[in-house]
């Protein structure tokens, strides 16, 4: 096959989803025109619905049945793809064009072993019969290439026995098995944690060089292309709005939309100037947890397992963790996924049986969770939520009230309205239900609920991870305000180093169920002592700059 | 997540769901209208016999014909709808009650409570079809009350399962953890935090339960173990009509149609609910 | 892909239809020398002395024979006894035993077999504690073989009415396994019993009546109810089906089936428990009698095939029946209402009717009664119970208010009326009239036939006057017989005599 | 391997526990029945002494627990006593009737699979299109027709249109196997109809769900043909979820056959059950009820095991 400058050339492609009711809808792809150079890594960036996935599917020939291409051409290595029969196009898939997708957890058939998945690719494109042994050899080789040391064993495993990163590697192995010339990667890392993301990107880059592959890399996150892509295209509403080299896009965007995307992605610019309260470390701590070890309980009838777990403390997720939180303090807690952060707070909150002691100098602890969708009860109004919080704290004896009946109710309502107001929510939100609020608003309600109970400590478990930058910044501002004004301590769990740097005077780093480093933020982050802290910082730096 | 969306997800209608609702409510409406009218008026007394005009084909004075006692089929169908509706509603209510009070704690506490409730529920579900209800009625005698209790018992595990699974999912959600951390007690958690969120799951199950309950009830009446004569029920009317299957087909056609209308109407509504809730959840 | 899938579908549909046509061709005309009789009751008892249910009697009539035997006209004929003698005071019966009769097991019938059988029936055998298996024969004091080989039965007291009970089956001496393996002298031998399905009888080649029976095999097939019987008839699975209603019989093709009918000599009664309020008031009972329209009941339940009754005996009983009572209780709502008012129930009352659910005719009658009684303000609730419960609570326990049932009887008129003696076991309506008791006690000891008839008439008159219950009808037995058979007679009793049945044209 | 064995062991314990509870339920139901069994058996004319004698003989005077023990022992040894009404062993009676009920259930199940699978596959190919919608609407209607009503309508249809004799011509399998299958076809069809609808509906949505799943997309990107994807991925995965549904359908079919037998006058377990009910034949009744439940428990057990064999994920749970 001859080499072309552009392995893929998309000429003025327009694509829409016509229905009987609306034969000429707004096109999903509007006059898209670009080329992918042979051997390059091209980034394709855009918000959801911008048409980036449709573009890739059009190239691969996997468009949904309802889609209709009204004009344009797609050429792959000089051949017109749209003129081909479905069978011809199918023959190219896997062989000339490989694809990997966003969600590795569901992208593999749960009933098939890894080996069978890969074998399927081989058999589908076999021109002459290849013996099973040869095929197996090839599969094992490929698995080793994508970084499995125990490739032979991996090939007999089922998808559920693999971690997310491992699955993505298997998918990459499948897509790259026949050394296709083009690899389309549709958000391959967006459901992986930062450390894994870095390693997957490294792998893709390596394969790109090794097999002389071209990569079309699709992402909604502009920062993800840093250090990975050669060129970047930005899409918006089915059009390509910007096209440039990666460094130009990131450092001096010419297009206003690109610039907007860029600022939105960077939280650090929003949160400059937030000041937490000053901490007096000589005071006695609000929370003192000592030697906490915990694991998840076994089912009642599983006697055999239970016995073993008593003998083998290895089943524990948390090993001997101790920590203190002082009044007025915002303590940062960072660590990779699976490091035991969530288990730790569940133990502190008493939701999980554990060994060790937890001493809390407060009648109640407030919590804010990661997921703004499930943090509020969808069946009830915001008013109900607030009253519920108030009632619960009254029952616990935290807040006393001498009033009774209607008067008390009116008093409470006033209190609630004031509290919501303080958290940036007007009285009109009282009668709304959680699904009528945005994610940031819901997190505010959660804070308000905590706050109305006047706890000495609020634990916030990744409260920003599903919020955009501006909402995160507003939320963070609210938290620091509360911290300063009400002297409420926070335990803030996050993966965002910028935030930790900005608001936490002290930080704890966890890895593998243990605290691996602990100290003043400036010291820990600037001169990490332990390897895991270093790895964490390095990954963050690579991804988020 | 836009701020402007104020619609309740359950109020969302897709064209598919509206079609289901329209047909469902029309079919159900026919039966319910027959029932409501029968409370105040029927063309003839439903169990008034008239030997002179027996087995009459549909005509002006008896639009649906008469049976072998000369009773007006239309009047009897109207009266029968009362039992069909009453038994299905009362039975489902009883089953729901049992299901909720056993299923939610089972899902919430887990462990031995869960095991015990599920074991009992599974054991009840191991009796195929209406066997258990038949036996219960055989043992305690055929009467409307016994049929309701027997069918309620048979259907309770279905609802218990829905409640249990739902509770298990919901109790893991952050807002329940949040409430627990706030200090809300288990009873209040189950009643006002968890239960309202089970309603979207229970609603289609309840409607389907009504339909299935009617299937079972009419089957039992057909076998003579349900509503007792001279009271009319669709199943018993069909059983009596079997003897006249060739000479008086209207005795089969009209009760069968009403029965199918009722069940089908409920199925369509539950189908609509299912579509609506699925769409609502997606949004 | 679509192609192959469509192929699978076509194949699936084709295989279903192919199998479907198999079902159609499995039916072929039956020309074997056998007949199948549909029965609606599960046969349970094959012992001629313990049999209670009429349904069992139907079958074992062909297996066992008594000293005497009824024919289809209700005449009592000699059978295993060639002749009999009754002493003047009617306390000693003497039978001459027929010779040359063989049991199904090959042994010969002799007087000792008869003595054993009668003693067993009367509870006189050792270890029976004097509990009669056939309660009517309880009055037998002794059974002996006379010197000339006759059998002499001695009674505790005179009884002119006992003759018809000597139809009780005779079994070989010492034989006690009638339930599992019935042995008698009848025209058919017991072959097999498939519970819930059928009873098969085969020809008794050594039957004492020459030439009988004609058929080689008779199957009694259990049909769930009358309607299944009807469909089975239509399908040609059964040849004879008794106890159809007229409207159902009318649905059958007259070219394929003959419809025979006969009075059943049954008395269908709307029984009123005379000892519960408000039924203890004769005016209430009379009011109910006047409120009932017997003609409509017969029309609804039997499609008109029945004889209206106003008293405790069927007109089929001939001279014992008192024709002067006809029309006593013709429907008269006004009269009924005024009687109700007189008794203090102008607003009516609620009452329950407990009926055995297995008998459609009684359930239907109750339904019609409920509708008719509304006219005088009586609100009749129907409670269906299974047969066992009915026997336990209604018949034996007498814990009921009203019920509907048919009283079957042999041709003995005394059998019909003795239940009205106040302390009789069969007096489940709790009728209590000393005058009637007295009259009824005189009957067995009265030897003059005319005087006896007179006594019967007096008793019937009393029963009507007291309106002890509501007598409804003598339902006509309608039996449908396939035209491939002939020689079938409808008996006025609950029996199927298959001995005279043969294939048409043979 | 070990996890598989442990899963199996757990399932067997669950099976035994369920059976134990089922036996309690059945025994309890029949122990609290009103009415004197011995009196019912002997009829109204028996003396109190005779009744007492029988009670003693039947062990009705023994304590509840000891009666339960011997009853359970009888069940386990497949010798659950003697029917009051027939005077025949319950096991023998049930064995006579089993061919009808089991035959009908098996034929109905075959029909369900033969019809619903192809229809679901075709329907799911183009969801929302006319063919799919027609199938779905018919499915809903079939779903709403009770089996006995379907039976009545089929009898009417077969009798009046095709002049087929449909009722009561039961042929024993030992006499004429094809005749046996033939006579069970129509009743099986009546039971199968709503279940075809149920299985169609389930399979259709399951296939649609699988077809749009991520791993199908992966396979497509590997260049597999639609047919291969259907056979290798979509059907195996929807089968895994159908196994449970199929066991529920089988149990429903078993229950449905009890009524349909009555309509078609077939000598199966259903009619035996009804006659046992109407004659208060409790040894027979409890035997039928327990063994039917036993069959169902077994079905669920087998389906669990089958699901665990088909789905590697279950073994680890």
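Letters A, B, C and D name the chains as they come in the text, with residue numbers starting at 1 for each one.
In this text, contacts are C-beta pairs under 8 Å (C-beta built on N, C-alpha and C of every residue); 3 or more make two chains touch, one makes a residue touch a chain.
Being a predicted model, the structure only gives us computed values, none of them experimental.
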{"item": "Chain whose Cα centroid lies at the greatest distance from that of chain D", "value": "A"}
{"item": "Between B-D and A-D, the pair with more C-beta contacts", "value": "B-D"}
{"item": "Length of the line joining the C-alpha centres of chain A and chain D, rounded to whole Å", "value": "48"}
{"item": "Interchain centroid distance [CA atoms averaged], chain A/chain C, Å", "value": "85"}
{"item": "Distance from the mean Cα position of chain D to that of chain B, given in whole angstrom", "value": "22"}
{"item": "Rounded Å distance between chain A and chain B, as computed from the means of their C-alpha atoms", "value": "45"}
{"item": "Contacts with two or more other chains, residues of chain B listed in rising order", "value": "242, 246"}
{"item": "Multi-partner residues of chain C (each touching 2 or more other chains)", "value": "357"}
{"item": "Two or more partner chains touched - positions in chain A", "value": "301"}
{"item": "Pairwise chain contacts under the document criterion", "value": "A-B, A-D, B-C, B-D, C-D"}
{"item": "Chain C - residues contacting chain D, complex", "value": "1-2, 4-6, 8-9, 12-13, 15-16, 19-20, 22-24, 26-27, 42, 44, 52, 129, 131, 135, 179-180, 194-197, 223-224, 228, 231-232, 234-237, 357-358, 386-389, 391-392, 395-396, 425"}
{"item": "Chain D to chain B touching residues, read off their complex", "value": "14, 17-18, 21-22, 25, 29-30, 32-33, 140-141, 143-149, 152-153, 155-156, 159-160, 251-252, 254-256, 258-259, 262-263, 273-274, 277, 285, 289, 292-293, 295-297, 300"}
{"item": "Residues of chain A touching chain D in the complex", "value": "60, 62, 90-95, 97-99, 101, 103, 106-112, 117, 120-121, 124-125, 158, 160-161, 171, 174-175, 301, 304"}
{"item": "Residues on chain B engaged by chain C in the complex (per definition of touch)", "value": "45, 47-49, 51, 54-55, 68-70, 141-142, 224, 228-230, 242-243, 246-247"}
{"item": "Residues of chain D defined as touching chain C within the complex", "value": "35-36, 39-40, 43-45, 47, 49-50, 83, 85-88, 93, 96-97, 111, 114-115, 117-119, 121-122, 125, 155, 162, 164-169, 171, 176, 178-179, 181-183, 185-186, 189, 226-227, 230, 262, 265, 267, 271-272, 274-275, 277-280"}
